[in-house]
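After this come two complexes, each holding chain A, first together with chain B and then together with chain C.
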Partner chain A sequence: MVNVFLRELKALRKSLVIWCIGILAMVAGGMSKYGATESAGQSINELMVSMPKALQAIMGTGSLDLTTVSGYYGILFLYLIVMTTIHAVMLGANIVSKEERDKTAEFLLVKPISRKQVIFSKWMASLVAIIVINLVTFLISHIMVDYYNKTDDSYLIDIAELMGGMFILQLLFLCLGTSIAASMKHPKRAASISTAVLLITFFLSMVIDLNENLEILSVFTPFKYFEAKDIIGGTGYEALYIMLSIILVVVLTIYTFIAYEKRDLHI
Partner chain B sequence: MNIFLHELRAYRKSTIIWTISLMVLVLFFMALFPSFTKDAEQVNELLKTLPEALRKAVGIEIGSFTSILGFYSYVFMYITLCGAIQAMMIGASILSKEVREKTVDFLLTKPVSRSTVIVSKLSAAFVSIAITSLFFVLWAYFIALYVRTDDFNEQAFFLLSFTLFFVQVMFLAIGVIASMLLPKLKSVLSISLGVVFAFFFIGMFGSTVGEASVRYITPFKYFDSMYIIKNSQYEWSYLIVGLMWVITALVASFFIYTKRDMDAV
Partner chain C sequence: MNVIESNQLTKVYGKARGISNVTFSVREGEIFGFIGPNGAGKSTTIRTLLALIYPTSGSATIFGKDCIKHAPEIKKEIGYLPSEVFYYDNMKVIDLLKYSASFYKKDCTKRMKELADALNLDLSKKIDDLSLGNKKKVGIVQGLLHEPKLIILDEPTSGLDPLMQQKFFELLKEENKKGATILFSSHILSEVQKLCDRVAIIKEGEIVKVETMSALTENSYKKFRLETINEVSPDFFKLEGVTDITRKEKTLSFIYKGNINTIITKIAEIPLKNLWVEEPTLEEIFMHYYEKEE
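Let's look at the complex of A and B:
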């Protein structure tokens, strides 16, 4: 069991490094543009606030204060969420389905460990991977925001809260990926289908931004659960969404174990 | 010819799914236009006072924004993102899947040359994405006719919509060359999403800095929607550079494929 866990971690090492470089480029590139908007001063902010909500959505700002470094980072946060959840969902789908794709499923399952243990080890390895991604994002974000921060306030708490929300989303999409991969008849398609689900929910969240009347659909898209504007704005997490995420994570995880236990492997 | 038809059939289902997804996506977004346009006047006033840097960051310029073309160009940004993923996935998989699925010796022992194989496969890929683009453009046009509040420049609309095809061709070429340069490619989806999103984000952030330098890097910025809307034509320098990229990548792939040592079973 420990062997499977270590083996998976080793296999994930290279892709983790690539993802971390991607996040670094993203945060560094995004924050370097802060200078351009910062110089424009308070006037943007007043404008932004008075704009219709749909337009704020197209601008990607919502009610974020663009003149502060944390508000600007809030815009970037949306893209970071997209990146890290794509990573999580593909990781979840691949880590389960790759044995069948690479035709190593027989080799693995004739070892004297149960399927539950296999899934558990793989699940733990993925958990380590998303924690690493989360901590790296946290670290890079903190350094970059701190670098551009000219005030005395520290945004460490804000960023930590954002990362907390991001972690729950990563976990949610990881479980989504594993449950799809564990229950699909054709494991080859697991990654595509999980990514499709992710993109659909992402576009749904954008449609909701464009039209306030659709607010009620927020429950269906995790991208609406933890929004930068609420967390930085001070309202913090919403209990409903936290509960919903936890229930989804638990249900999907249990489902992964049950489905993989029973499934007919595609060899 | 058989290979061509076989590949078309193999990609039929995914092409249909992608085409329908793009159609649904544009339908959903464009359906919001009527409610959006109500605030048009107010928005236009406000936009004029925005600082240059901020306006560029979101790829929207004054005036054309609250019109249907302006709104459509915003939506279209995400359509091309999806189209690019589709094209890159076809490009990266169509040659490499034979090796991955261990069918390459079956294919290459048939009495056809490797150049016939690659030409047939690439033609099938082109036809698949051309079908997607064609259906999308017609569909988008009907939606635009339905939700419009005013007349709009139809020529600009079609020119803008067809950039979907050009962006797809570029990503198809990137996918093909990537699968040739990375012979051990295992997961087509991962590399496709990675590359496409990387270029997409470069484009998003790049447009705030000096434009010209970044615009040649990412295929998403080869066609500036505002320029097309304003002038009803493409920027020829970008079109030519893009075409050169595509040809270079495809010719290089052709030579690599005909010379490559294939992993047989």
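Let's look at the complex of A and C:
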């Protein structure tokens, strides 16, 4: 089992580096724009408010105060969430389905190892990968925010809380990816279907931003579970969404194990 | 003792043909051939035995244990070479073999080196850069390096040149002498003939016959084709064991079963320009051997 885990980690190395560079570019690029808007002062908030609500929703500004570095980072956080969850969902789908896609299932699954052990090893390797992504994002974010922070306040705790939320979402989408790949008859399509599910929930979260009457639908889109405006704004995590996330992670994980155990491998 | 015992094993796929009521057993220490045309269900049977897919009904045991329930345990003693070898890209041969060996709780380094030497396999190359035949060699070494008690081979010779094939058969015979049981699937009759003690013939998902090799060769058919100098009437060859006589100008062809001397004597009576004696294809064997039984 350890050998499969190590093998998977090795296979993930390259893509992890690329994703980390992407995150670095995103945070550094995004925050450097803050340097530019900062000088505009309060007028940037007025500009934002005057924009149509749809545009605000797409940009993810909401009630964030763009004159503060934390408010500005809050916008960036939305994009970071999208990036890291796409990484997680694709990772989950691919790590399970690739054995069948690359026809290596006839190698791995004839070794003295059970399917549960295979999934467990892959799951652990994925967990390491999303933790690395999370920590790298945390580190880069902290450095960049600190660099542009002209006040004496430290935002370390705020960012840590945001990263906590991001980690739960990463975990959630990782499990979504694995469960789709584990249950599909044609695992080749697992990655695209998983990504489609992610985008649908993401657009749903935008639609909810546009129309307050739809707030009730928030439970259906994890993108509404941990929003920067709530976490930075001071209300912190919502117990309901934490519970919901934990339940989903547990259910999807168990489902992954059972589904992969039960179905025929596609060779 | 039977190493493999398949009992009414059935696998139904939606529309595609699966296997139905496949029953056979492989005794300890024998080389068992599993022969049939492409798509007959050889791979399906093997994959079910290996618990890669699950049977719709029926069951099978390997080493006396249920092949699905005890799969991980059974597989400690199984070496498998799939018909198509694909391995993790970007891996060197040695890495792949070490990865393979890491699943077994014994030191396989020595055997790995021996096998690689015997097959002329360069361990330092990347698998991606290998030719089909060399990839097949990686598959062979990977399947044999832990000295399994049961070796399962699915169309193992495709892609191997005749010389390598010979080497490979020698390796298998060696393993067999050391006590390994071998299940060998193929669609080429002659290679099964070379190696196997008994064969199961599978056709359209069903076992048509399980025979000892000697019984099968006794009944072996030969395809004769002769180009004669003068036109010869097909009636000339009307004798016991000759079927399917066709004539196209000066070329006569027929299928013969029986004492080879009888027919050679007969042929010697006429002046020939050319002569071919061929193994009939498996399809032809099926047609002639089993038509009567149906």
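We adopt the following convention: the second predicted complex is superposed on the first by the 251 of 267 C-alpha atoms of A that agree within 3 Å, B and C clash if a C-alpha of one lies under 4 Å from a C-alpha of the other, contacts with A are read in each partner's own complex, and residues count from 1 in each chain.
Just so we're on the same page, a contact is a pair of C-beta atoms (placed from the backbone, for glycine too) under 8 Å apart; a residue touches a chain by one contact, two chains touch by 3 or more.
For clarity, every value in this text was computed on a predicted model and none was experimentally measured.
In the superposed model, A:D264 makes contact with chain C only, not with chain B. Touching more residues of chain A than its counterpart among chain B and chain C is B. Look at A:S192: by the touch rule set out above, it reaches chain B but stays clear of chain C. Of the two partner chains placed around the shared chain by superposition, chain C is the only one that A:L109 touches, whereas chain B remains out of contact. When the two structures are aligned on the shared chain, A:V207 is found in touch with chain B, with no touch to chain C. Of the two partner chains placed by superposition, only chain C is touched by A:N3; chain B is not.
In the superposition on chain A, A:G29 makes contact with chain B only, not with chain C. Contact with neither chain B nor chain C is seen for A:R13 once the two complexes are overlaid on the shared chain.
Taken together, the two complexes place residues 102 of chain A in contact with chain B and also with chain C. The touching residues of chain A, counted against chain B in their complex, run 15, 18, 22, 26, 29-30, 33, 36-37, 39-40, 43-44, 47, 50-52, 54-55, 58-60, 66, 79, 82-83, 86, 90, 94, 98, 101-102, 191-192, 195-196, 199, 203, 206-207, 210-211, 213. By the touch criterion given at the top, residues 21, 25, 28-29, 32, 35-36, 39, 42-43, 46, 49-51, 53-54, 57-58, 60, 74, 78, 82, 186-187, 189-190, 193-194, 197-198, 201-202, 204-205, 208-209 of chain B touch chain A in their complex. Listing the residues of chain C that touch chain A in their complex gives 47, 50-54, 71-73, 75-76, 78, 80, 82, 84, 86-89, 99-100, 102-104, 142. Taken together, the chain A residues at the contact with chain C in this complex read 3, 7, 11, 102-107, 109-114, 117, 264-265, 267.
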